[in-house]
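Here chain A shows up in two complexes: once beside chain B, once beside chain C.
And now, the complex of A and B:
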């Protein structure tokens, strides 16, 4: 019998079978002096704002793996449906897969109802899934879109609580971004002002938080129109070297040149095949 | 070419007969007429009206507890025609489906989605040998946030459709032809016109001069506050207006 949602693992919750083994391996690794590879987090500054005609979502583009930048230009604004987008902070795999599952289920729902999907529906699906996993899925999301009831913006926490607000920020750079919002947000802003505000909020996160960096991505959603601007601004372009350590030809004067050809004979040739089994 | 012969069970459970018919489903349709009632529903420009007979056969029965109009959600109601017990079961299931939808998807279930869901459930009964189809016809009246007034009907076969006006029950065919004539003339009725047309349809087809206690009327309008079942006084107002017009 056909079901209305995409196949998810039928067992609820996580399998904790390997916890003991992992703890043992961690102990072993620490004894040698090294550590196990960490999950790639997105660090991140993400934010969203409701303006006069719709919502604007913004995100930085740095993905970190511990103290190393894993991806200098990763995309953190995920497509849920043509009128709904979602920024993700936290564990990169969790945000990516969660948004893909909900995007797929929402498309099935939209095809079944024949209507444009609502942001409230995406919110319900996301929060019910995250609550089911009791916070083990490390996905903190900013969900925004425009549907038949107007523009909506939600922030969703890894344990499954949500807030419906006119402006939200998430991620390690959320405090820096929220400081900018609290200072300059006004209801019913114009599109250009709102884009500038989001850009400034993300820039605050990029320059003041180590977990965020690189470029600023924007997504402007209005009724019937979508603007996915990636990148909106390359705030951290890689610098161009100003000097060169190579010496140009002619720096050292050549007094004389002698060329001696060496005639070598092949004495012995042996071929060793590589073991490719 | 020899016709396949059935083992004789095709009349007892929902399996195909050699002619490709499902006898149990056809019997379910006949069961709808067992109740002896007829219902009519009409969609107007900004309202939907459902009217059904109220027959209280026993003087000892409490008339307040006899009803065939049910509220499913704030903005969706239904009129059930057919076996009362099956009707109650379906209404309960419809209420559950509507509430579950609200929980899962965060908005009120649209009328067409609820009807589709009930029709899909009815279809399962036409395939499962272990369960019989339910002998009742559901007519949904509701207000959709995006599309306005909606009228849907679903039957024991699992078929459902949206209607401008429809009828169910014993005098279904006569009521439908009466409604067809009316719909041809005019399509966007006002609230008063819709109610009066529905009541006069029942009155004409059944040849009964209705008293307010013999009718049940359920309405939903774009102005009002959801699905409402009219009281006897309100029904009387419309009956009086109808008799004055004639």
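And now, the complex of A and C:
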């Protein structure tokens, strides 16, 4: 006798299978006074845009360690050369070390050629290094800068592929930021409009993605000028407490005071030296 | 409890699920590709030009893993530059295809990319070479990528020998439009490159200019 087992291939989109069960469990949990655990994510929102005179890079400032925010105000826009900066998403250590290595190599290269380094050179160096490690270095980068050929913007993925585009987003909040870009990007924008657009894109990532948060950092690179604005906007300020649970001294009146000394004698004394080697 | 590292598409490799095609006509070749690059279920680049120049009159079409394909194309570009300086002439399409094939075969286990090499040289005119998995074969036309499965029937039925350049371009655009309509991993715009003895001519056909077929 054969049974018909229909193998359903996994379908995309939302799955509402567990909604009824979750609602029942929530009711049961509330009955005993506890609540269900909430969703946790890690991530970042970084983006870049090419405008009339140069490029603007933007990033949020939250660094997470598992489910805890490790750093509320970390800097994700790294210096590669005076005219080239790079935002990093993914493993923080990987992005930090990768950008430092390439920054150092690029400075030596620039001294050797005697010219201002080009963004395409930094891109090649980064992609060749990431490809060599076959994706084990978890660094997703947005590289932007202005050189003798004009403004350039690249997105670099952990496996070593790159895309040269007028606007890019990366990180867990990239879809939220890309939605803002796709709606409002125009070629050859003015600096103030472009700064507002990048700010809005990062804000979209901060407020709609659990893994991004805190403040918005901006970096504006034009020919011969660099503006590293940190923070551009403190999107999440710590609130001010409106009340206080501490009572002032003297609130409670003292009626009488009795002092009783305790007679203690030393029974045993042992000394453990600390290993400070 | 396993550590959650965010949505899978963040750490998924970037692939060019794709449709690429190259056709030989009298006096040259026409290459075509779509423009979609995906990482898991997310499109990371909707305007990528997958037709990469290896030399003035030799192009290759990329498919498979984006990193692997880009790296192979850049390495062969460099090797061809050196080779053409050494022989003091324009390189043959067969040489370019052999260089691509050598890399694909040697690192067959580690790489997952398929490149179609096509171009024009003075000796043999227009040629199309397929280099899948390390083989090297010259064909009158070649299709590749995830979208190619949907259009094998169309190209087999519609291909004729000795078409003119314009007929070839129209054939390539039609094939790409059909594949992009049916394959989820192909889409965006269509890039066309026509190579003949005068040089390479690049063209973009935007989404709404693509030919439409029967669509309920």
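Keep in mind that, in the parts below, the second predicted complex is superposed on the first by the 204 of 277 C-alpha atoms of A that agree within 3 Å, B and C clash if a C-alpha of one lies under 4 Å from a C-alpha of the other, contacts with A are read in each partner's own complex, and residues count from 1 in each chain.
Just so it is clear, contacts are C-beta pairs under 8 Å (C-beta built on N, C-alpha and C of every residue); 3 or more make two chains touch, one makes a residue touch a chain.
None of the values given here were measured: they were computed from a predicted structure.
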| item | value |
| --- | --- |
| Partners on chain A (chain B, chain C) - clash or fit | fit |
| Partner chain in contact with A:138 - chain B first, chain C second, else both or neither | second |
| Touch count on chain A, higher of chain B and chain C | C |
| Touched partner set for A:30, first chain B, second chain C, both or neither | neither |
| Contacts of A:112 with chain B and chain C, given as first, second, both or neither | first |
| First, second, both or neither for A:120, with chain B first and chain C second | first |
| Contacts of A:225 with chain B and chain C, given as first, second, both or neither | neither |
| First (chain B), second (chain C), both or neither touched by A:104 | neither |
| First (chain B), second (chain C), both or neither touched by A:22 | neither |
| Lowest C-alpha to C-alpha distance for chain C against chain B (Å) | 5 |
| Shared chain A contacts, counted only where both chain B and chain C touch the same residue | 128 |
| Parts of chain B lying in touch with chain A, wherever the complex brings them together | 103-107, 110, 113, 145-146 |
| Sites on chain C touched by chain A in the complex | 3-7, 10-11, 13-14, 37, 39, 41-42, 44-45, 47-48, 65-67, 69-71, 110 |
| For the chain A and chain B complex, residues of the former touching the latter | 109, 112-113, 115, 118, 120-121, 123-125, 128, 148-149 |
| Contact footprint of chain C on chain A as seen in their complex | 12, 40-43, 66, 127-128, 130-131, 134-135, 138, 140, 155, 157-163, 165, 171-172, 175, 211 |
